[in-house]
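Would you mind keeping the following structure in view while I ask a few things?
Chains here go by letter, A, B, C and D, matching the order in which they are written, and residues are numbered from 1 within each.
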Amino acid sequence: MASIDTHQPALPEPGNEKVPLWQRYTHGHHWRNADDEFDAAKIGIWLFLATEVLLFSGMFCAYAIFRMMYPESIAAGSSYLDWRWGGLNTVVLLISSFTIAMAIRNVQLNQQFWARINLLITWLCAAAFLVIKLVFEYIPKWSEGKRPGSLFDYPFAQHAHENVWWSIYYVSTGIHATHVIGGMVLIAWLIYRQGKGAYGPTHYTMMEGVGLYWHIVDLVWIFLFPLLYLVH
Amino acid sequence: MTTVDRNLDQLGDHGHHDEGSYLNPKYGPIATVWDWMTTVDHKKIGVMYLFAVLFMFFLGGVAALALRIELLEPTRIDETGNLTGAALAFFAEGETVSQAAAGQAYNRVMTMHGAIMVFMFIIPAIPASLGNFFLPLMLGAKDVAFPRLNLASWYVYVFGSLFGVFSILMGGVDTGWTFYTPYSTTTTGQPQVIAMVLAAFILGFSSIFTGLNFIVTTHKLRAPGMGWFDMPLFIWAVYSTSIIQVLATPVIGVTLLLLIFERVLQIGIFDPGLGGDPVLFQHFFWFYSHPVVYVMILPAMGIISDVLAIHCRKRIFGYRAIAFSSLAIAAISFLVWGHHMFTSQGELAAMVFSFLTFFVAIPTAVKVFNWIASLYKGSITFTTPMLYVFAFLFLFSIGGLTGLPLGTLSTDLHLHDSYFVVAHFHYVMFGGTVIAFLAGLHHWWPKMFGRMYSEKGGALGCALVFIGFNMTFFTQFFLGTQGMPRRYASYVDEFTLLHQISTYGSLILALGFVVHLVVFLHSLFLGEKAPQNPWGGLTLEWETETPPIEHNFHHEPVLTHGPYDFDEVVPPGWDPKDYPLPEQTPGGHKH
Amino acid sequence: MTATLAGINDFVIKLFFGQKADSLVGSGLGGSDAVFLFIWWVSVFFFVLLMGIMGYCMVKYRRREGVPAEPSPSHNTPLEIAWSVIPSLLLAVMFFWGFNGYMRAQMAPSYAEQIDLVGQKWAWSMTYSTGIGASEFTTLGGNNNVPIFVVPAETPVRLRMNSSDVIHAFWVPDFRTKLDVMPNRYTPYVFTANALDRSGADERVMTATDKNDNEFAYRDHIVYCAEYCGDSHSEMVAVLRVVEPSYYQTWLNTPPYDAVTPPAEVGALVWQAKCAVCHTVDGGVGTGPTWKDAWGYPREFTNADSLTQETLDARPDEWDNYIRESIILPGAKVKAGFANAMPSFDGQLSDVEMRGVIAYMRSLSDRDPGTPIPGYEELEAEAAELEAAANGGE
Amino acid sequence: MSHAQEHEYNPADPHGFHADGHHGHVIVPWQILLGVLLALLFFTILTVFQAQFEKHAAYEWGWIIPGWVNVVLAMGIACIKGGLVALFFMQLRYDSGINVLLFLFTLFAVWLFIMFTALDLNSRGLVTEWRSGEVVSGGSGVGFGEYGLSQGRDDIKSAAGPVYMRVKDNYIAEHGIEDYNSHKKDHHGSGSELSDAWQSRSHSGLTPGLFSTGVWEGLDDGHDDHGHGDHGEHHDDEHTDEDQGESEG
């Protein structure tokens, strides 16, 4: 995520330690003003999000193609998933999306305490998502032999290509989970920096960037959930 | 990291008056190296990219020569069971080898050539080296939007390339640079294949970083007064390129990821034995790899537009048409990938893709027409960059026109996967991109390194490259139409003569590059000092010193004239006495 | 004028392709040769025009010291529209013409002659409607065992193609069409070969006599694998022998071997058709182990227990089992020093052929202990009976 | 190139980006954020309910809702939810045009990617129906790759054929057919109370209105009648079909 924070570090100047970091922030030397820098960072992040969307589009495309090729296998595979875990995870992610949006709002209004609370909730939601995914979905399914491709070891399969379904399932949710882990690292970094007072009404580019990234992770799940759990 | 100037004035102008050239070593040898390795200066990163891609070009070129030498004679096993033919160049004296082993050696070198040239040379070649150096200068900016990301891009590039080199050192890969499944998932050499796929995957990030940086820089860091249509056409081209890089590269990312999973875990998405579909891989692959051929050629077109205008002292004809055709090519490039798969896809898709393919021919043709029209009533010099522009127009026209029978369905059924395709894309990629790269390199060399090169040497190199290139690849059109399939390690006797001409041509081509290398080395160490504006350019990079100072400009430039107003403006650094302007006609010329 | 143009056209075709197309896909007004000529003339026109203007400008507007460039318009809308629209129209013609020709290479009438074709690393094999395959072989390039596939002239033929491993592509340059051979589905290669010109005008048409003393005329065309498929990709060639339809029927009903053919000869044919690309029979190196002096010798495997001398002493037929297993499941036992690169031939060999391969490998080894092949005695008895019947009938 | 001086030059805003007072800094009211969250949760419940309703209708009332309805509704709701997230959480609603344009072009690229790929893979058999069929399972290179099928799985390493068959055979060989049949009930019978969306599938294949063209008909014989009654029996039928196909191939 080097793309987000390209700013100059705030300079330690004698006498102004009391002033929060975000007020001491000066924009990069090659920028004319902080607004330009902020706008540029935002375009940069949106471009990055575009790459994320296209990365996932590969999995959506594979899903669509195999759905057309082996509709029965995909539907049968879908029936092994429990919508309740998927639905719970959707709710968890939606809440985390809301809290990070609130955290940005708090920072914009210099409500540092609430920003911290919201960021913590976001991080916990991300962790909850992963725990649910791992403990209630990946591990039971994997141990039953519902595995991708040639690793497939589930003797009660109904259709010839259920292994392809599991390939799609594991790879697409796996890439998504990797992004969740990445998001957790970034949010943890935000919490740390926020504790140092790095973000405030005039400077919150990094928070805005991570927020947008986190929303796209949510957005991808919003589509993965019905495709994997509900559509049949 | 440069120091932060605390005395910002309203213009954001730091007033870098006492700065020296960006090339000046400042602290001593080790500190200078450290300074370069940690620099966020786009110029230094551009130069580092330049040397990195030229090194990769050297590696890929050596592989290409090895291929051509192998193809000098057909490989045969004689009555006594011994291998004969030039393929022996790959083996030790007296080694017993089978025809298949000879083929495998060829295939590995062939893949090495393709993968290095595509992923490590030609995609980053122009945007990351010349683009990095000149995009901010031409925009009048102090740096790219995200300088640290820019440095990261270089390191990612080097890291990815190391994977590629590692793969070659481990024995090489024989998948072909296209990694078609199921061959690539089942061929021998697990660690090498994975290393090479990872290399391409990692290099994708470098490409994305560069493209993202350029888009934002173009949007937000244009000099005051520079509207979108005051930008040099090179910027338009690099901007369009960057859009493709950002939008297409992630797809190859997920494709290569799936390929690695396929290879390691046999997940079966591309493996027909497990229910997957190998043609799906081709779609995934070409969704990226077709747009990416425009990543290769668009910046070259940008260079040609700029170099041609400056060396003809001529306002480019149809500025907006060229600018918009760059964007149009970028957009249409996403619609035509299926023409790489006419023999493997269904009839309906083939029809649609063939139809769409012809759309991309139109903006390309428009550009060529505009360049030719720009020559009209110009003041044409015959400097090395301009010679390369002529070479480009000649070779790229052939490359473009030979694309027509490949886009046409019935003729493509014959020409697909033949040497005709090989010749066609070398005419576009080499005759287009590499030739334009050389044009740009000669054109901007004085600005980059502060030294002039030898014009005579440059012209000699250009002539050798031009002759050698045509000998090498024009013959391959005939080989292809007569039935020589590509990626063949050996061939039937009828093709021997044409292959030999091609091989001898490649040696002349290599000689041309050796001449250029000598000329550049001579220039670096013994060349005469370059003036600020040797060619009389009007774009902003000629307004700063040669070589540029660390912060590019002493004061932030404010644009007062367009990039091609040669009729109206005396170029910076020129005496009006040496630069006669034409009589102004009433009304002037606006585009 | 027309004659001159036709002459030039013929010259261009000869220059590029060697000779005119030999199939319906390439010939005639809708064929790809005609499209190619159209594109050729369009290209030549534009190339000469552009290079002419460029050359003219290079001379006329070269820089003269102290002379400025003349002012000229920066754009010209009618001209720009013209040079966008006119090429577009030409491109539209190319597209429709080309699509028409493309469909010719995809569609076959229902009465088309149907032949099955299997591509594998690195050989082609065909199975005709009567169950026979290629029985003659020749040398082409670096491959000494190139199968000759007989196909009828003037008859629509549709090859039902399938690969047993990776993607290949079937390309007959003289027919101007190719199609990928897929591992997971069939693809149709459709062609109608032009008639054989027996007048002598076409020097590629030759006559020969087959083993049953039938005289026939033929024209040979090279088949290439055009999709990269690995080590011996460049040796994956075949010959299409176009014969007259009447002779084709005769040939189709002349099996290359019958009940009286000794198994080793059947095996030799199978070897040429399917195995020769990897396995030598003269001790030379190849992708797979040589068959010379292999049978009956102990063998080390990388992934299974070795075939030791003791085992062979106890069960001399163990080698036969090993051969059969390796044909069906090549990965089960891999000889030390070799990669497992062999595709499975499960279902591709009949029992007679399988037996033939075993017999052939035995005949190549100096260790053949003379134990009869299972079923061989019955076969011999059958052959003797047949011979007796034939003699009795005379 | 001469309209550089058209506007009054503002050194802090050289391109006039902010001339209209437009800024990237927007503070979204918390009421809107909360409202969006509630809407998102509502739509989540709605989409789950819609899927469950279809199943319930099929079981209890015997209504067979065409498969494409399910797809269209689920994806429609997902699009609304995605739109809400993009517009409000991601603030596209308040953002500069370039980012909106970028996002839309990205979606357009995704659409192109999926549609054209589907166009090909869904239209293979238009001229020759062979092209769309699935022929053999041996053509994968299964059994000849150096690294074979995932190292270690010897049972499926050396042989071609559908993986699921081999897995089943191994299980039966190890545990016996009775054990298999009794466990199969557990897996396909009682498991339905967790999630049994497959039972509510329309009875003529999947989402015929959306994806199925004539090309696919007849390709999956033996699949068509799943979803009726006892699943297990059809299951076995299918196996035997496949077995025969295997030995022929």
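The working rule: contacts are C-beta pairs under 8 Å (C-beta built on N, C-alpha and C of every residue); 3 or more make two chains touch, one makes a residue touch a chain.
Remember, it's a predicted structure, so these values are computed and weren't measured experimentally.
The chains that touch both chain C and chain D are B.
With steps allowed only between chains in touch, the distance from chain A over to chain C comes to 2. With every chain reduced to the mean of its CA atoms, the largest distance from chain A is reached by C.
Of the two chain pairs examined here, A-B and A-D, it is A-D that is joined by more C-beta pairs in contact.
With centres taken as mean Cα positions, chain D sits 38 Å from chain B.
Per-chain CA centroids place chain A at a distance of 20 Å from chain D. Residue positions of chain A touching 2 or more other chains, listed in rising order: 32-33, 36, 39, 43, 47, 50, 53-54, 57-58, 61, 65, 69, 149-151, 160, 163. Shared contact sites, meaning residues of chain C that touch two or more other chains, fall at 103, 106, 165-166, 182-184, 339, 341.
Residue positions of chain B touching 2 or more other chains: 11-12, 182-183, 186-188, 219, 247, 251, 265-266, 268, 271-275, 277, 279-280, 283-284, 347, 590-591. Chain pairs that touch, as defined above: A-B, A-D, B-C, B-D, C-D.
Remark: chain A residues 32-33, 35-36, 38-39, 42-43, 46-47, 49-50, 53-54, 57-58, 60-61, 64-65, 67-69, 71-72, 74-76, 78-84, 87, 90-91, 94-95, 97-98, 101-102, 105, 108-109, 145, 149-160, 162-163, 211-212, 215-216, 218-219, 222-223, 225-227, 229-232 touch chain D in the complex. Contacts from chain D toward chain A in the complex involve residues 11-12, 14, 17-18, 23-25, 27-28, 30, 33-34, 36-37, 40-41, 44, 47-48, 50-52, 67, 70-71, 74-75, 77-78, 81-82, 85-86, 88-90, 95-96, 98-99, 102-103, 105-107, 109-110, 113-114, 117-118, 121-122, 142, 149-150, 153, 156, 162-165, 167-168, 170-172, 180, 183-184, 187-188, 191, 194-201, 205-207, 211-212, 216, 220, 223, 226, 231, 235, 238, 242.
Of all residues in chain D, those touching chain B in their complex are 1-5, 9, 11-12, 14-15, 98, 105-106, 109, 112-113, 116-117, 119-121, 123-127, 131-132, 137-142, 144-147, 149-150, 160, 162-163.
Every residue of chain C that touches chain D in the complex is listed here, in rising order: 103, 106-108, 158, 160, 162-166, 182-188, 329-332, 339-344, 346-347. Listed in rising order, the residues of chain B touching chain C in the complex are 74-77, 81, 96-101, 103-104, 107, 174, 176, 180, 182-183, 186-188, 272-273, 277-279, 312-321, 342-344, 347, 350-351, 354-355, 358, 361-362, 365-366, 368-370, 372-373, 375-382, 390, 393-394, 397-398, 401-402, 404-405, 407-414, 416-418, 477-478, 481-483, 485-493, 566-567, 580-583, 585, 589-591.
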